Amino acid sequence: MKKNILEIRVRYVETDQMRVAHHTSYFLWMEAARSELMRTNGMSYRTLEERGYFLPVREAHCRYRNSLKYEDIALIETELLEIGGASIKLGYRIFNKENKSSIADGYTIHPFTDINGRIVKTPGFFREIFED
Amino acid sequence: MKKNILEIRVRYVETDQMRVAHHTSYFLWMEAARSELMRTNGMSYRTLEERGYFLPVREAHCRYRNSLKYEDIALIETELLEIGGASIKLGYRIFNKENKSSIADGYTIHPFTDINGRIVKTPGFFREIFED
Amino acid sequence: MKKNILEIRVRYVETDQMRVAHHTSYFLWMEAARSELMRTNGMSYRTLEERGYFLPVREAHCRYRNSLKYEDIALIETELLEIGGASIKLGYRIFNKENKSSIADGYTIHPFTDINGRIVKTPGFFREIFED
Amino acid sequence: MKKNILEIRVRYVETDQMRVAHHTSYFLWMEAARSELMRTNGMSYRTLEERGYFLPVREAHCRYRNSLKYEDIALIETELLEIGGASIKLGYRIFNKENKSSIADGYTIHPFTDINGRIVKTPGFFREIFED
(Lines give C-alpha, C1' and ligand atoms only; values in the text may rest on other atoms or scores of the structure.)
Protein backbone atom coordinates (compact mmCIF):
# COMPACT_ATOMS: atom_id res chain seq x y z
CA MET A 1 0.00 0.00 0.00
CA LYS A 2 0.94 3.65 0.07
CA LYS A 3 4.37 4.55 1.40
CA ASN A 4 6.20 7.76 2.02
CA ILE A 5 9.42 9.11 3.48
CA LEU A 6 9.57 12.34 5.44
CA GLU A 7 12.80 14.07 6.45
CA ILE A 8 12.85 15.85 9.80
CA ARG A 9 15.74 17.70 11.37
CA VAL A 10 16.02 17.32 15.16
CA ARG A 11 15.31 20.65 16.86
CA TYR A 12 17.10 21.95 19.93
CA VAL A 13 13.87 21.94 21.93
CA GLU A 14 13.53 18.22 21.21
CA THR A 15 16.77 17.37 22.99
CA ASP A 16 16.74 16.60 26.69
CA GLN A 17 19.52 16.42 29.24
CA MET A 18 20.56 13.02 27.90
CA ARG A 19 21.59 15.09 24.84
CA VAL A 20 19.33 13.15 22.47
CA ALA A 21 15.87 13.65 20.98
CA HIS A 22 13.21 12.98 23.61
CA HIS A 23 11.12 9.84 23.05
CA THR A 24 7.86 11.79 22.61
CA SER A 25 9.25 13.63 19.57
CA TYR A 26 9.10 10.36 17.66
CA PHE A 27 5.31 10.35 17.96
CA LEU A 28 5.22 13.93 16.64
CA TRP A 29 7.34 12.90 13.68
CA MET A 30 5.04 9.93 12.99
CA GLU A 31 2.08 12.31 13.00
CA ALA A 32 3.80 14.69 10.59
CA ALA A 33 4.78 11.73 8.42
CA ARG A 34 1.25 10.33 8.12
CA SER A 35 -0.03 13.84 7.32
CA GLU A 36 2.57 13.97 4.55
CA LEU A 37 1.59 10.50 3.30
CA MET A 38 -2.01 11.58 2.96
CA ARG A 39 -1.18 14.95 1.39
CA THR A 40 1.14 13.48 -1.23
CA ASN A 41 -1.56 11.01 -2.23
CA GLY A 42 -4.05 13.75 -2.94
CA MET A 43 -6.20 13.61 0.17
CA SER A 44 -4.77 15.75 2.95
CA TYR A 45 -5.91 15.13 6.47
CA ARG A 46 -7.15 18.72 6.53
CA THR A 47 -9.46 17.92 3.62
CA LEU A 48 -10.58 14.72 5.33
CA GLU A 49 -11.66 16.71 8.38
CA GLU A 50 -13.43 19.23 6.15
CA ARG A 51 -15.42 16.32 4.76
CA GLY A 52 -16.47 15.41 8.31
CA TYR A 53 -14.10 12.50 8.98
CA PHE A 54 -11.57 12.34 11.80
CA LEU A 55 -8.75 9.92 12.60
CA PRO A 56 -7.99 10.15 16.32
CA VAL A 57 -5.31 7.87 17.72
CA ARG A 58 -6.54 4.64 19.34
CA GLU A 59 -3.17 3.05 19.82
CA ALA A 60 0.41 4.27 19.53
CA HIS A 61 3.57 2.25 19.90
CA CYS A 62 7.26 2.92 19.50
CA ARG A 63 10.35 0.71 19.94
CA TYR A 64 13.54 2.75 20.31
CA ARG A 65 16.81 1.18 19.07
CA ASN A 66 19.14 4.11 18.82
CA SER A 67 19.15 7.83 19.49
CA LEU A 68 19.31 11.03 17.46
CA LYS A 69 21.19 14.20 18.29
CA TYR A 70 20.42 17.85 17.71
CA GLU A 71 20.63 18.71 13.98
CA ASP A 72 20.61 15.06 12.93
CA ILE A 73 18.18 14.34 10.11
CA ALA A 74 15.65 11.57 10.67
CA LEU A 75 13.97 9.74 7.81
CA ILE A 76 10.48 8.61 8.76
CA GLU A 77 9.38 5.84 6.43
CA THR A 78 5.63 5.48 6.72
CA GLU A 79 3.39 2.77 5.34
CA LEU A 80 -0.35 2.39 5.41
CA LEU A 81 -0.48 -1.21 6.65
CA GLU A 82 -4.21 -1.89 6.81
CA ILE A 83 -7.49 -0.29 5.82
CA GLY A 84 -10.08 -1.93 8.02
CA GLY A 85 -13.85 -1.57 8.04
CA ALA A 86 -13.74 1.38 10.40
CA SER A 87 -10.06 2.02 11.09
CA ILE A 88 -6.58 2.15 9.63
CA LYS A 89 -3.16 1.05 10.79
CA LEU A 90 0.12 2.70 9.88
CA GLY A 91 3.67 1.49 10.40
CA TYR A 92 6.77 3.65 10.74
CA ARG A 93 10.50 3.01 10.48
CA ILE A 94 12.84 5.76 11.52
CA PHE A 95 16.40 6.01 10.24
CA ASN A 96 19.34 8.34 10.68
CA LYS A 97 19.73 9.87 7.23
CA GLU A 98 23.49 10.13 7.48
CA ASN A 99 24.35 6.47 7.97
CA LYS A 100 20.97 4.80 7.38
CA SER A 101 21.12 3.16 10.81
CA SER A 102 17.80 2.07 12.25
CA ILE A 103 16.65 4.36 15.04
CA ALA A 104 13.12 3.24 15.88
CA ASP A 105 9.98 1.44 14.68
CA GLY A 106 6.40 2.12 15.56
CA TYR A 107 2.77 1.89 14.59
CA THR A 108 -0.46 3.78 15.15
CA ILE A 109 -4.09 2.69 14.85
CA HIS A 110 -6.85 5.18 14.07
CA PRO A 111 -10.61 4.67 13.98
CA PHE A 112 -12.67 6.77 11.61
CA THR A 113 -15.07 8.99 13.55
CA ASP A 114 -17.50 11.77 12.80
CA ILE A 115 -17.19 15.22 14.34
CA ASN A 116 -18.84 13.97 17.55
CA GLY A 117 -16.31 11.19 18.01
CA ARG A 118 -18.65 8.38 16.96
CA ILE A 119 -17.05 5.54 15.05
CA VAL A 120 -18.04 5.45 11.39
CA LYS A 121 -17.20 3.15 8.50
CA THR A 122 -14.11 3.78 6.40
CA PRO A 123 -15.36 6.09 3.65
CA GLY A 124 -15.31 4.69 0.12
CA PHE A 125 -13.33 7.63 -1.28
CA PHE A 126 -10.58 6.97 1.26
CA ARG A 127 -10.32 3.36 0.18
CA GLU A 128 -10.22 4.35 -3.47
CA ILE A 129 -7.39 6.79 -2.95
CA PHE A 130 -5.24 4.76 -0.61
CA GLU A 131 -5.74 1.18 -1.76
CA ASP A 132 -3.47 0.18 -4.58
CA MET B 1 -5.82 43.51 40.92
CA LYS B 2 -6.08 39.74 41.04
CA LYS B 3 -2.94 37.78 41.78
CA ASN B 4 -2.09 34.14 42.00
CA ILE B 5 0.85 31.79 42.47
CA LEU B 6 1.13 28.48 40.64
CA GLU B 7 3.70 25.80 41.44
CA ILE B 8 5.11 23.82 38.56
CA ARG B 9 7.71 21.08 38.67
CA VAL B 10 10.14 21.02 35.75
CA ARG B 11 9.58 17.89 33.66
CA TYR B 12 12.30 15.86 32.01
CA VAL B 13 10.91 16.61 28.57
CA GLU B 14 11.33 20.32 29.32
CA THR B 15 15.09 20.05 29.73
CA ASP B 16 17.35 20.46 26.72
CA GLN B 17 20.98 19.58 26.18
CA MET B 18 22.04 22.65 28.18
CA ARG B 19 20.54 20.67 31.10
CA VAL B 20 18.00 23.38 31.96
CA ALA B 21 14.35 24.02 31.22
CA HIS B 22 13.93 25.20 27.62
CA HIS B 23 12.89 28.84 27.22
CA THR B 24 9.57 27.95 25.58
CA SER B 25 8.41 26.10 28.69
CA TYR B 26 8.16 29.42 30.48
CA PHE B 27 5.38 30.50 28.13
CA LEU B 28 3.55 27.23 28.82
CA TRP B 29 3.83 27.87 32.56
CA MET B 30 2.51 31.42 32.12
CA GLU B 31 -0.46 30.01 30.23
CA ALA B 32 -1.17 27.46 32.96
CA ALA B 33 -0.76 30.20 35.57
CA ARG B 34 -3.26 32.58 33.99
CA SER B 35 -5.73 29.68 33.60
CA GLU B 36 -5.30 29.04 37.31
CA LEU B 37 -5.75 32.75 38.13
CA MET B 38 -9.06 32.77 36.29
CA ARG B 39 -10.25 29.47 37.74
CA THR B 40 -9.49 30.43 41.33
CA ASN B 41 -11.44 33.65 40.86
CA GLY B 42 -14.56 31.82 39.82
CA MET B 43 -14.44 32.29 36.06
CA SER B 44 -12.40 29.61 34.39
CA TYR B 45 -11.14 30.21 30.89
CA ARG B 46 -13.12 27.13 29.82
CA THR B 47 -16.31 28.83 31.02
CA LEU B 48 -15.29 32.05 29.28
CA GLU B 49 -15.00 30.19 25.97
CA GLU B 50 -18.35 28.50 26.60
CA ARG B 51 -19.85 31.99 26.89
CA GLY B 52 -18.41 32.83 23.47
CA TYR B 53 -15.36 34.85 24.50
CA PHE B 54 -11.77 34.02 23.59
CA LEU B 55 -8.45 35.45 24.71
CA PRO B 56 -5.83 34.67 22.06
CA VAL B 57 -2.30 35.94 22.61
CA ARG B 58 -1.44 39.22 20.88
CA GLU B 59 1.91 39.72 22.52
CA ALA B 60 4.19 37.56 24.64
CA HIS B 61 7.43 38.55 26.28
CA CYS B 62 9.90 36.88 28.62
CA ARG B 63 13.18 38.06 30.18
CA TYR B 64 15.28 35.17 31.48
CA ARG B 65 17.58 35.83 34.44
CA ASN B 66 18.41 32.38 35.69
CA SER B 67 17.73 28.78 34.80
CA LEU B 68 15.80 25.87 36.28
CA LYS B 69 16.82 22.23 36.35
CA TYR B 70 14.83 19.02 36.07
CA GLU B 71 12.67 18.47 39.18
CA ASP B 72 13.13 22.06 40.38
CA ILE B 73 9.87 23.69 41.40
CA ALA B 74 9.01 27.01 39.79
CA LEU B 75 6.63 29.49 41.37
CA ILE B 76 4.76 31.48 38.74
CA GLU B 77 3.40 34.66 40.32
CA THR B 78 0.74 36.05 38.02
CA GLU B 79 -0.99 39.40 38.15
CA LEU B 80 -3.75 40.83 36.03
CA LEU B 81 -2.13 44.19 35.26
CA GLU B 82 -4.74 45.90 33.11
CA ILE B 83 -8.30 45.41 31.97
CA GLY B 84 -8.62 47.53 28.84
CA GLY B 85 -11.64 48.28 26.69
CA ALA B 86 -11.09 45.21 24.55
CA SER B 87 -8.02 43.47 25.96
CA ILE B 88 -6.16 42.49 29.11
CA LYS B 89 -2.53 42.44 30.14
CA LEU B 90 -0.97 40.01 32.59
CA GLY B 91 2.42 40.09 34.25
CA TYR B 92 4.41 37.11 35.51
CA ARG B 93 7.35 36.67 37.85
CA ILE B 94 8.97 33.27 38.04
CA PHE B 95 10.95 32.13 41.07
CA ASN B 96 12.81 29.03 42.13
CA LYS B 97 10.74 27.76 45.05
CA GLU B 98 13.75 26.40 46.92
CA ASN B 99 15.74 29.60 47.33
CA LYS B 100 13.25 32.21 46.08
CA SER B 101 15.76 33.42 43.49
CA SER B 102 14.30 35.30 40.54
CA ILE B 103 14.30 33.21 37.39
CA ALA B 104 12.34 35.21 34.83
CA ASP B 105 9.74 37.94 34.24
CA GLY B 106 7.24 38.24 31.46
CA TYR B 107 3.95 39.59 30.25
CA THR B 108 1.22 38.67 27.82
CA ILE B 109 -1.47 40.80 26.14
CA HIS B 110 -4.77 39.28 25.00
CA PRO B 111 -7.60 40.86 23.02
CA PHE B 112 -11.13 39.66 23.64
CA THR B 113 -12.55 38.06 20.51
CA ASP B 114 -15.66 36.19 19.51
CA ILE B 115 -15.56 32.67 18.10
CA ASN B 116 -14.72 34.05 14.66
CA GLY B 117 -11.68 35.92 15.93
CA ARG B 118 -13.29 39.37 15.73
CA ILE B 119 -12.26 41.80 18.48
CA VAL B 120 -15.06 42.50 20.96
CA LYS B 121 -15.37 44.71 24.03
CA THR B 122 -14.29 43.40 27.41
CA PRO B 123 -17.48 41.80 28.76
CA GLY B 124 -19.01 43.43 31.84
CA PHE B 125 -19.08 40.19 33.83
CA PHE B 126 -15.33 39.79 33.32
CA ARG B 127 -14.70 43.27 34.70
CA GLU B 128 -16.97 42.61 37.69
CA ILE B 129 -15.16 39.41 38.60
CA PHE B 130 -11.59 40.51 38.05
CA GLU B 131 -11.60 44.18 39.05
CA ASP B 132 -11.15 44.74 42.74
CA MET C 1 5.30 -3.42 43.69
CA LYS C 2 5.44 0.35 44.07
CA LYS C 3 2.39 2.32 42.94
CA ASN C 4 1.55 5.96 42.72
CA ILE C 5 -1.14 8.31 41.49
CA LEU C 6 -0.34 11.67 39.91
CA GLU C 7 -2.94 14.35 39.17
CA ILE C 8 -2.45 16.45 36.05
CA ARG C 9 -4.66 19.21 34.74
CA VAL C 10 -4.98 19.37 30.96
CA ARG C 11 -3.33 22.54 29.65
CA TYR C 12 -4.64 24.64 26.79
CA VAL C 13 -1.51 23.96 24.75
CA GLU C 14 -2.24 20.25 25.02
CA THR C 15 -5.56 20.54 23.20
CA ASP C 16 -5.67 20.24 19.44
CA GLN C 17 -8.35 21.16 16.93
CA MET C 18 -10.35 18.05 17.87
CA ARG C 19 -10.79 19.94 21.18
CA VAL C 20 -9.20 17.18 23.27
CA ALA C 21 -5.78 16.51 24.75
CA HIS C 22 -3.36 15.45 22.01
CA HIS C 23 -2.23 11.81 22.17
CA THR C 24 1.41 12.71 22.76
CA SER C 25 0.55 14.47 26.04
CA TYR C 26 -0.24 11.09 27.55
CA PHE C 27 3.39 10.06 27.19
CA LEU C 28 4.46 13.29 28.89
CA TRP C 29 2.10 12.54 31.76
CA MET C 30 3.46 9.00 32.07
CA GLU C 31 6.96 10.44 32.27
CA ALA C 32 5.94 12.91 34.98
CA ALA C 33 4.13 10.09 36.80
CA ARG C 34 7.13 7.74 36.87
CA SER C 35 9.32 10.62 38.07
CA GLU C 36 6.82 11.16 40.87
CA LEU C 37 6.76 7.43 41.68
CA MET C 38 10.52 7.43 42.09
CA ARG C 39 10.63 10.67 44.05
CA THR C 40 7.94 9.62 46.52
CA ASN C 41 9.85 6.38 47.17
CA GLY C 42 12.99 8.22 48.17
CA MET C 43 15.07 7.85 45.02
CA SER C 44 14.33 10.61 42.54
CA TYR C 45 15.31 10.12 38.94
CA ARG C 46 17.51 13.21 39.29
CA THR C 47 19.45 11.45 42.05
CA LEU C 48 19.65 8.30 39.96
CA GLU C 49 21.30 10.25 37.14
CA GLU C 50 23.66 11.89 39.62
CA ARG C 51 24.73 8.38 40.63
CA GLY C 52 25.54 7.67 36.98
CA TYR C 53 22.48 5.62 36.02
CA PHE C 54 20.07 6.51 33.24
CA LEU C 55 16.70 5.09 32.21
CA PRO C 56 16.09 5.97 28.56
CA VAL C 57 12.89 4.71 26.95
CA ARG C 58 13.24 1.48 24.96
CA GLU C 59 9.54 0.97 24.33
CA ALA C 60 6.43 3.10 24.82
CA HIS C 61 2.84 2.09 24.27
CA CYS C 62 -0.53 3.71 24.82
CA ARG C 63 -4.09 2.51 24.17
CA TYR C 64 -6.58 5.40 24.10
CA ARG C 65 -10.15 4.67 25.19
CA ASN C 66 -11.61 8.07 25.84
CA SER C 67 -10.57 11.70 25.60
CA LEU C 68 -9.87 14.55 28.00
CA LYS C 69 -10.78 18.19 27.57
CA TYR C 70 -9.01 21.39 28.56
CA GLU C 71 -9.04 21.83 32.36
CA ASP C 72 -10.07 18.21 32.99
CA ILE C 73 -7.99 16.52 35.66
CA ALA C 74 -6.33 13.25 34.72
CA LEU C 75 -5.26 10.70 37.32
CA ILE C 76 -2.20 8.77 36.19
CA GLU C 77 -1.96 5.53 38.17
CA THR C 78 1.54 4.18 37.78
CA GLU C 79 2.91 0.83 38.79
CA LEU C 80 6.40 -0.59 38.62
CA LEU C 81 5.55 -3.90 36.95
CA GLU C 82 8.94 -5.57 36.64
CA ILE C 83 12.50 -5.08 37.77
CA GLY C 84 14.57 -7.11 35.34
CA GLY C 85 18.30 -7.82 35.31
CA ALA C 86 19.06 -4.70 33.32
CA SER C 87 15.72 -2.97 32.75
CA ILE C 88 12.38 -2.05 34.30
CA LYS C 89 8.80 -2.00 33.05
CA LEU C 90 6.10 0.38 34.23
CA GLY C 91 2.37 0.26 33.62
CA TYR C 92 -0.01 3.24 33.58
CA ARG C 93 -3.76 3.63 33.83
CA ILE C 94 -5.21 7.04 33.14
CA PHE C 95 -8.60 8.11 34.52
CA ASN C 96 -10.76 11.19 34.40
CA LYS C 97 -10.76 12.35 38.00
CA GLU C 98 -14.29 13.69 37.84
CA ASN C 99 -16.13 10.49 36.94
CA LYS C 100 -13.35 7.91 37.28
CA SER C 101 -13.90 6.79 33.69
CA SER C 102 -11.00 4.97 32.08
CA ILE C 103 -9.21 7.16 29.55
CA ALA C 104 -6.12 5.22 28.54
CA ASP C 105 -3.62 2.47 29.47
CA GLY C 106 0.01 2.25 28.63
CA TYR C 107 3.42 0.91 29.49
CA THR C 108 7.05 1.86 29.10
CA ILE C 109 10.22 -0.23 29.22
CA HIS C 110 13.56 1.28 30.22
CA PRO C 111 17.04 -0.27 30.18
CA PHE C 112 19.56 0.88 32.76
CA THR C 113 22.50 2.56 31.07
CA ASP C 114 25.61 4.45 32.09
CA ILE C 115 26.31 8.00 30.95
CA ASN C 116 27.60 6.72 27.61
CA GLY C 117 24.41 4.84 26.85
CA ARG C 118 25.86 1.39 27.53
CA ILE C 119 23.48 -1.11 29.12
CA VAL C 120 24.34 -1.90 32.73
CA LYS C 121 22.84 -4.19 35.36
CA THR C 122 20.01 -2.98 37.55
CA PRO C 123 21.81 -1.45 40.53
CA GLY C 124 21.30 -3.18 43.87
CA PHE C 125 20.21 -0.01 45.64
CA PHE C 126 17.41 0.44 43.08
CA ARG C 127 16.13 -3.07 43.74
CA GLU C 128 16.25 -2.52 47.49
CA ILE C 129 14.23 0.65 47.30
CA PHE C 130 11.64 -0.39 44.76
CA GLU C 131 11.13 -4.08 45.47
CA ASP C 132 8.61 -4.76 48.19
CA MET D 1 23.69 41.30 8.11
CA LYS D 2 22.94 37.65 7.53
CA LYS D 3 19.37 36.75 6.64
CA ASN D 4 17.55 33.54 6.01
CA ILE D 5 14.07 32.17 5.30
CA LEU D 6 12.86 28.88 6.73
CA GLU D 7 9.65 27.14 5.67
CA ILE D 8 7.70 25.29 8.31
CA ARG D 9 4.44 23.40 7.90
CA VAL D 10 2.04 23.68 10.85
CA ARG D 11 1.68 20.30 12.55
CA TYR D 12 -1.55 18.94 14.00
CA VAL D 13 -0.06 18.87 17.49
CA GLU D 14 0.59 22.60 17.19
CA THR D 15 -3.09 23.43 16.81
CA ASP D 16 -5.19 24.09 19.88
CA GLN D 17 -8.94 24.21 20.37
CA MET D 18 -9.07 27.68 18.75
CA ARG D 19 -8.12 25.69 15.62
CA VAL D 20 -4.92 27.69 15.02
CA ALA D 21 -1.23 27.19 15.79
CA HIS D 22 -0.56 27.78 19.48
CA HIS D 23 1.44 30.90 20.30
CA THR D 24 4.36 28.94 21.77
CA SER D 25 5.00 27.21 18.44
CA TYR D 26 6.21 30.53 17.05
CA PHE D 27 9.13 30.49 19.47
CA LEU D 28 9.98 26.96 18.36
CA TRP D 29 9.97 28.08 14.73
CA MET D 30 12.20 31.04 15.57
CA GLU D 31 14.63 28.65 17.22
CA ALA D 32 14.64 26.34 14.19
CA ALA D 33 15.06 29.38 11.93
CA ARG D 34 18.10 30.75 13.76
CA SER D 35 19.66 27.26 13.73
CA GLU D 36 19.13 27.22 9.97
CA LEU D 37 20.60 30.72 9.61
CA MET D 38 23.77 29.60 11.38
CA ARG D 39 24.02 26.30 9.53
CA THR D 40 23.61 27.86 6.08
CA ASN D 41 26.38 30.34 6.89
CA GLY D 42 28.85 27.59 7.66
CA MET D 43 28.81 27.62 11.46
CA SER D 44 26.07 25.43 12.83
CA TYR D 45 24.96 25.94 16.41
CA ARG D 46 25.98 22.33 17.06
CA THR D 47 29.53 23.20 16.04
CA LEU D 48 29.43 26.33 18.16
CA GLU D 49 28.57 24.26 21.22
CA GLU D 50 31.32 21.78 20.34
CA ARG D 51 33.74 24.72 20.43
CA GLY D 52 32.55 25.51 23.96
CA TYR D 53 30.19 28.43 23.21
CA PHE D 54 26.50 28.53 24.09
CA LEU D 55 23.71 30.95 23.19
CA PRO D 56 20.96 30.60 25.78
CA VAL D 57 17.93 32.88 25.45
CA ARG D 58 18.01 36.04 27.56
CA GLU D 59 14.93 37.65 26.07
CA ALA D 60 12.17 36.48 23.74
CA HIS D 61 9.36 38.52 22.29
CA CYS D 62 6.57 37.89 19.81
CA ARG D 63 3.79 40.12 18.45
CA TYR D 64 0.98 38.09 16.86
CA ARG D 65 -0.99 39.73 14.04
CA ASN D 66 -2.73 36.83 12.39
CA SER D 67 -3.09 33.09 12.83
CA LEU D 68 -2.03 29.95 10.99
CA LYS D 69 -4.02 26.77 10.51
CA TYR D 70 -3.02 23.13 10.38
CA GLU D 71 -1.05 22.38 7.19
CA ASP D 72 -0.45 26.06 6.42
CA ILE D 73 3.14 26.83 5.55
CA ALA D 74 4.86 29.56 7.53
CA LEU D 75 7.88 31.46 6.21
CA ILE D 76 10.17 32.53 9.02
CA GLU D 77 12.38 35.35 7.82
CA THR D 78 15.29 35.67 10.23
CA GLU D 79 17.89 38.39 10.46
CA LEU D 80 20.92 38.74 12.68
CA LEU D 81 20.27 42.31 13.87
CA GLU D 82 23.22 42.96 16.17
CA ILE D 83 26.49 41.34 17.17
CA GLY D 84 27.33 42.90 20.53
CA GLY D 85 30.40 42.52 22.69
CA ALA D 86 28.99 39.50 24.47
CA SER D 87 25.57 38.86 22.92
CA ILE D 88 23.57 38.80 19.71
CA LYS D 89 20.08 39.90 18.74
CA LEU D 90 17.95 38.31 16.04
CA GLY D 91 14.74 39.55 14.46
CA TYR D 92 12.03 37.40 12.91
CA ARG D 93 9.12 38.08 10.58
CA ILE D 94 6.63 35.31 10.01
CA PHE D 95 4.45 35.14 6.91
CA ASN D 96 1.82 32.82 5.51
CA LYS D 97 3.50 31.39 2.43
CA GLU D 98 0.26 31.16 0.47
CA ASN D 99 -0.73 34.81 0.47
CA LYS D 100 2.36 36.46 1.97
CA SER D 101 0.24 38.01 4.74
CA SER D 102 2.12 39.05 7.86
CA ILE D 103 1.48 36.67 10.74
CA ALA D 104 3.87 37.73 13.49
CA ASP D 105 7.13 39.54 14.35
CA GLY D 106 9.55 38.80 17.11
CA TYR D 107 13.07 39.02 18.40
CA THR D 108 15.40 37.09 20.67
CA ILE D 109 18.54 38.16 22.53
CA HIS D 110 21.27 35.67 23.42
CA PRO D 111 24.40 36.14 25.53
CA PHE D 112 27.46 34.09 24.72
CA THR D 113 28.33 31.80 27.61
CA ASP D 114 30.77 29.02 28.33
CA ILE D 115 29.67 25.52 29.32
CA ASN D 116 29.18 26.67 32.92
CA GLY D 117 26.81 29.46 31.94
CA ARG D 118 29.32 32.26 32.49
CA ILE D 119 29.07 35.19 30.08
CA VAL D 120 31.98 35.37 27.65
CA LYS D 121 32.94 37.76 24.86
CA THR D 122 31.61 37.22 21.36
CA PRO D 123 34.25 34.98 19.76
CA GLY D 124 36.19 36.47 16.88
CA PHE D 125 35.42 33.59 14.53
CA PHE D 126 31.69 34.20 15.05
CA ARG D 127 32.06 37.85 14.10
CA GLU D 128 34.10 36.95 11.01
CA ILE D 129 31.51 34.52 9.75
CA PHE D 130 28.37 36.49 10.49
CA GLU D 131 29.42 40.08 9.94
CA ASP D 132 29.19 41.17 6.34
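Things worth noting here:
Labels A, B, C and D are assigned to the chains in the order they are written; within every chain, residues are numbered from 1.
Everything below uses one rule, namely that contacts are C-beta pairs under 8 Å (C-beta built on N, C-alpha and C of every residue); 3 or more make two chains touch, one makes a residue touch a chain.
Just so you know, these numbers come straight off a predicted model, no measurement behind them.
Ranked by separation of Cα centres from chain D, the top chain is C. Of the two chain pairs examined here, B-C and B-D, it is B-D that is joined by more C-beta pairs in contact. Computed centre separation for the pair chain B/chain C is 27 angstrom, with centres defined by C-alpha atoms. The centroid of the Cα atoms in chain A and the matching centroid in chain B are 33 Å apart.
In whole angstrom, the spacing between the mean C-alpha positions of chain B and chain D is 23. Shown for chain A are the residues that touch two or more other chains, namely 12-13, 17, 24, 28, 31, 70.
By the touch rule above, chain C contacts chain D in their complex via residues 12-13, 15-17, 19, 22, 24, 70.
For chain C in complex with chain B, the residues that touch the partner chain are 9, 11-13, 28, 31-32, 35, 39, 44-46, 69-71.
Those residues of chain A that touch chain C in the complex are listed here as 17-18, 20, 23-24, 27-28, 31, 49, 54, 56-64, 67, 117.
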